[in-house]
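Shared chain: subunit A. Partners: subunit B in the first complex, subunit C in the second.
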Partner chain A sequence: MTATAAAPGPAQVEMPKDPSRGRQIIRDILGGSVVISILAVVVGLVVGAILIAVTDPGVQAASGYFFDRPGATFAALGDSVGGAYSSLFQGAIYDFGRPDFLSGIAPLMNTLDLATPLILGGLGLALGFRIGLFNIGGQGQTLVGGAVAGWVAWSFPLPFPWGLILSIVAGIVGGAVAGGVVGLLKARTGASEVIVTIMLNYIVFYFISLLLRTPGALQAAGTINPKSPSPPDSARVPDLFGAQFSVTWMFVIAIAATVFFWWLMSRSSLGFKFRAVGENPAAARTAGIGVDSMYIWGMVLSGALVGLVGVNQVLAFTVGGFGSGFDAGIGFNAITVALLGRSRPLGVFLAGLLFGALNSGGYVMQAANDIPIDIVLVVQSIVVLFIAAPPLVRVLFGLPRPGTAPRRRAKAPKAVEAE
Partner chain B sequence: MRITARRAALPVLAAIASTALLAGCSQAPSTSSTSSATQTTASNFLPCMISDSGGFNDHSFNELGYNGLVQAAKDLGVSQKSAQSKTDADYANNINAMLNQNCNLIITVGFLLADATKAAAQKNPKTDFAIIDDNSIDLPNVRPIVFDTAEAAFLGGYAAASYSKTGVVGTYGGMQIPTVTIYMDGFYDGVQYYNQQKGKNVQVVGWNEKTQKGSFTGGFDNNTAALTTAQGVLNQNVDVVMPVGGPIYQAAASAIKSSGKAVALIGVDADVYYTDSSVQNILLTSVEKGIQQATEAVIKDSAAGKFSKTPYVGTLKNDGVGIAPFHNFAGKVDPNLQSELDTIKAGIIAGSITVATPSAPKS
Partner chain C sequence: MTTVAGIPGAVALEKLDTRSWKTPVALGVFALGAVVLFLGLPRDGQADFQFSQSGDFFSIPDLIFTATPVCIGLAFACVLLAAGSFALVWFKRLTPLWYIGIFAALFLVGFLAWAAAGLRPLPLTGLLLGSVSLSIPLVFGSLGGVIGERTGVVNVAIEGQLLGGAFTAALVSSVTGSFTAGLFAAAVAGVLIALILGVFAITYIVEQVVVGVVVNVLVLGLTNFGYSTILTVDPEHLNRSATLPALPIPLLSQIPVIGPALFDQSIIVYVAYVAVPAVWYALFRTKWGLRARSVGEHPEAADTVGINVNRTRYLNLVIAGAIVGFGGAYFTIGSVGSFSQNMTGGQGFIALAAVIFGRWDPVRAAMAALLFGFATNLQNSLGILGSPVPSEFLLMLPYLVTVFAVAGLVGRSQAPAADGKPYIK
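== the complex of A and B ==
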């Protein structure tokens, strides 16, 4: 505990001397307060409401005769925005239109299901961020983890639960190797992990696309479409609360991963070294920490967690076999989740839940109110935009600009508390 | 700094506000007209549609399917619902959202949605489903809508070979999937048929039917990869090019315009002459796939209670596929070309000319 509390100490002294401006920006983003995260979400929802109103044909028509009948405009405004956010709620939390409680709560279960990969991916990327590694390779690591898990699942059909356990382990190892390669390149050659991970995304995506249309590789036998065979039922992740809800045991694994992340970063000596390297690699090296091996292990663990996203997509989420797009953009959305959660375990978990809810509600918003799914994406993007610019939120809400000294002092105990 | 910025913003804001004021001055519609609008809903039949990740404004098969949905709903006097998918993860969720809207018929666009459609159809036997471009589901409540586009692309290949002066024609695809390569197979066969009939040796670049290998952009986005692929094909002395897959023809159009060469474009899926006026001057013809008509027909069958699981297969015979007019190129092609194409079309329908492709739909 004393070590944890003392950790920011040397960093404060070193910070002004830190030559890397990029590192400073990361630190600013991760160091923002919970209040700013919440306000960013509020601003995102408000801007979303404005966009819904502006793009709604009913509002457009009614505003044409605003002075003749102003009430009509406000009624149309209420209809479009109220209807949209009511659909968002009913699609994400509880649907009042269903006959009983069990079917009414199904949207919440769907939210948990959609949040699962975002939490896992967010934790994986957050781990990298804490070590000062900007891992943008979520897509590639997801694809490797999922493809390996799927391949093991149908190639070694063992009875339940052994087939499943073997496939999950294979997926974790796949993601860990995909991440470890990046760590190795950075540690040994000094290659920028940002560039390497982005490029590996392309390499992996096209390589898996190739395997998916090569008979005998990942392509299902007897088909000409680029799709894999379906993993056997014995290797599928079972539903958590029965077939009527979409949430699976992967959600429990996501909770376990969150606890593991907390333990690793706050209680283990490896986590202490990780954080030391993240705060200041030069100081960490002086203190006798092997920075290079921390980069390698950091990317291995980061890739392993992201590999679980692939496992979730292939063995829990997708019905039947998978195509080359099974990562579904989660590798990138997880960056958002990690940033919104300030790379803290609980923060990432809650951010994952929020984005799961936005996704789940977005489907109903689109189906029931004809609102383009883009609006939901705009809301998410605005949230990130505001989180990346804490001063903007402070100005918007007239929050006091914290002086350097009190902010530092306030930040240190909070970091301990959050962990 | 801040003050000057604010001062500068003031007139702009004033201008916006006054425009908004003027815009709000028109007359409100009388209330009687709004009530009559609601009466047009004659039946409770609700057709719904879910796009694949291309979205409904892809100038291609999603858009054609959507047009079919809108037209059928208009003709039947019913409302319709639609949802766009952004990623593969959206398919099952969008179908579920539609099921909760109590849709009677759910049309999914593209083979990517096959697994999600199959799972939903098994769970909801009382809802009708139809899936465009996939023939893998065999369930009593799922109707596949597929097209033998190789037949129409054969005509396109023949026309391209006839028009070409350099003796080289090209094609490239978005992704190497059957619904794309079936066009390229037909195109290739059409060129070979022309060579055989006329004793010429017109080359095809970008696709080889025998090895099933060729040029692909790697996706259905009009991006740099599409432009590079288009330029790669154009650099091989090609003067007719057929890009297959959604909006990637736009990359070919810009590559043609920047090269300054007289290269003609062949559109696919829709008659691109009408869907995109910017390429009218370089468009030789289009290989059409009657997705709109097929969708309309399937919706109307379902509304009339005549839904069946028998696949709808679009062919030259039932006008489910075809070749568009030459429009601006009518004076530039061989005067006998149209009659030759008509003869070939009749030959394909009668079976005297066979268009063999491994990607053909099984009916």
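== the complex of A and C ==
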């Protein structure tokens, strides 16, 4: 919030003094956050390429006779890296190997499907970041939201839209409670939300594991496996474009959540208070904002959004019942999504799409080129590290500092993160 | 704040009063738990505590008793002790630490007797041995965490440092066949990860928790990638190290119960014994420690007297990284000899919990690590015995205790003042 809001102001004041106004604008754009984001993605992909090349047997073999035939090494390099990233693209956007457009576009639909929980989780965590709350509890809130949604789905089998709506609401409430507890602890006792959410991740995980192997709790009847019953068809999220594509209506909910986030933060008075607390809690308190209740409500809303991730996992992604690990690491990946999106609604949405694409393509790359999908984790984390440190990217690429922002960035570490 | 000059003592007393009620309340909750568990859900049969094993100096016969009466007696003792603690606070006296210790011991004996009643003998040596084994990485992790946070850098990347240490130790010692090289490489890996943390958190003032979380993901991705592309290609030569030999200390290792558990271990464990007091001494009794702590409490003041704040933080982060990375080696060459994906499985976060539960003190943090290791191992042991206690409860115990600790319900956790705050001149 700070930097974007503050940047135009002083820049406009200075611009008339600057004889070459156009150059100033270019400087600002070059050093600005969009270019930094793109360059951070480039750095991530380059590091990924290096890892692929170094571990590729073809490249290793060719580099053995590098000085005889350097061309062969570069050809092998191109083969391994180019092949891998071509698979990544075809697995994420469009598969040229398929006969018709509809089946060719299936990877893109898969990307949207994988991006859905990342967007929802990213929005939830971003909401917290904007208030100055480091909600690391995506995993726990996802697990609670999903477990509650699933339990309601098979315990109250209502006809089609109502069973689903009730389950979704239950999942949201579940996540909201899981987040609200943290907010309450922070507001009442001053407990660091970072530590509490990390600890709650494990507490919830073990608690759900226990319920999943307790007959009559979450365990499916007539089985000894720690697995839940599958929710009834009437409570499943329907496919968005028919059964041939994996994307579901949860994607529409993710879009709606993005719009809601924007409205909440930019147009509502609650959002204004949230932002005020995030910028400077002491000043907000002086201005008469109840900081403690903002922490509680912030964590409630943050948890509610993350609870939707659980809904997605239980009622849309894996419909055949769930085990204790159904969050599938999304709780942690959502942190990187929120950071990459700089906690802005559109940014988080795009970041979720990007990481959804990386994941979708990563599976194809793993199958086609024998490159472990874990490389996606490496690329993601490097992208986020560099996004979080704009000065480092500027140094790496020799970019100018934008006219005004750097001093503020240097002074306000939370603003850097929350940008 | 609004103290009238002359009676600041009254305010201090009042503060003391409100704070110390937490101990009796906590003891009361545990005593209540004991009553509910031992009286409400009694378990019949004999409890059998096994003290000795073959090769001990002298042997102690097994302790066999009927569980229910002993448990009831211990539950009443716990209630009495809790009541005594209430009385102590009522008369404005602090509950001494040994008092809590006795309470904990009685509760524990009662709990073990209750859980093991009517089942196979409970080998105490094995229980202790397993606890030490599970605690060692936690001890190293928490020591690193304490050093980092004492200098004002929150290290959430302990998990990554342990994982990195485990990976490099397995790889290097498999390739070279040398344990020394493996241990050294593990420490180097920890240092490298600490440097990533430092560059982003100290130099580029990115929020430290964020860097820590992301670095964990990065290390997880790198080690998983390395495992799939390097280690599994030729596991015979790249991921099969011998495990560090046990070096029994003469005489000491033959003491019943504690001897085999504490003094018949590998070099990593002995280093942990030395490292805990060494870090404590260094932090609280040396010039280096004074500087490190001053940087963590009040960096502006430290800067004023000529301490280079960021250099001090880098230095300490590197030392902490070496310690944690070294501890990570325990996962591979210290125990199983080969690396597997994500083998630390959240131990770094338990170490973080131990740092907080141990109130940023190396000795207390190591004790907390031991306690958490004990809880985890108790779950294993009771699971083998077929005890009714759900294993998940014991597994979540460290995390639950930490939440209570940071919420101020058990004791008072006060982080170093500048913990997590970057220093900008």
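One rule holds in what follows: the second predicted complex is superposed on the first by the 367 of 419 C-alpha atoms of A that agree within 3 Å, B and C clash if a C-alpha of one lies under 4 Å from a C-alpha of the other, contacts with A are read in each partner's own complex, and residues count from 1 in each chain.
The rule is simple: a residue touches a chain if its C-beta (ideal position, glycine included) is under 8 Å from a C-beta of that chain, and two chains touch if they have at least 3 such contacts.
In this text the structure is predicted, and so the values were computed from the model without any measurement.
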Query: Following superposition onto subunit A, is the placement of subunit B relative to subunit C best described as a clash or a fit?
result: clash
Message: By the touch definition at the top of the document, which applies to A:89: first (subunit B), second (subunit C), both, or neither?
response: neither
Message: Applying the document's definition of touch, where does A:272 land relative to subunit B and subunit C: first, second, both, or neither?
response: neither
- prompt: Does the superposition put A:249 against subunit B (first), subunit C (second), both, or neither?
  reply: neither
Query: For A:385, is the partner it touches subunit B (first), subunit C (second), both, or none of the two (neither)?
result: second
- prompt: In the superposed arrangement, does A:206 touch subunit B (first), subunit C (second), both or neither?
  reply: both
Message: Quick check on the superposed pair: does A:185 touch subunit B, subunit C, both, or neither? Answer first, second, both or neither.
response: second
Which superposed partner A:225 touches (first subunit B, second subunit C, both, neither): first
Message: Quick one: is A:339 in contact with subunit B, with subunit C, with both, or with neither? Answer first, second, both or neither.
response: second
Task: Applying the touch criterion given at the start, work out whether A:260 contacts subunit B, subunit C, both or neither, answering first, second, both or neither.
output: neither
Message: With both structures aligned on chain A, tell me which stretch of subunit B collides with subunit C: 77-85, 203-211, 311-319 or 347-355.
response: 203-211
- line: Dual-contact residues of subunit A (subunit B, subunit C) 206, 209, 372, 377
Query: Touching subunit C in the complex: which residues of subunit A?
result: 51, 55, 134, 136, 185, 189-192, 194-196, 198-200, 202-203, 206-207, 209-210, 332-333, 335-336, 339, 371-372, 374-382, 384-385, 388-389, 391-392, 410-411, 413-414, 416-417
Message: Quick check on the complex: what are the subunit A residues that touch subunit B?
response: 63-69, 72, 91, 95, 97, 110, 114, 206, 209, 213, 223-227, 230, 313, 317-323, 325-326, 328-330, 359-360, 363-364, 366-368, 370, 372-373, 377
Message: Please output the residues of subunit B touching subunit A within their complex, sorted ascending.
response: 21, 23-29, 48, 53, 81-90, 92-94, 96-98, 100-101, 111-112, 114-116, 118-119, 136, 175-178, 218, 358-359
- prompt: In their shared complex, at which residues does subunit C touch subunit A?
  reply: 154, 156, 196, 199-200, 204-207, 209-211, 213-215, 217-218, 220-222, 224-225, 228-230, 346, 349, 352-353, 356, 390, 392-393, 395-396, 399-400, 402-403, 406-409, 415, 422, 424
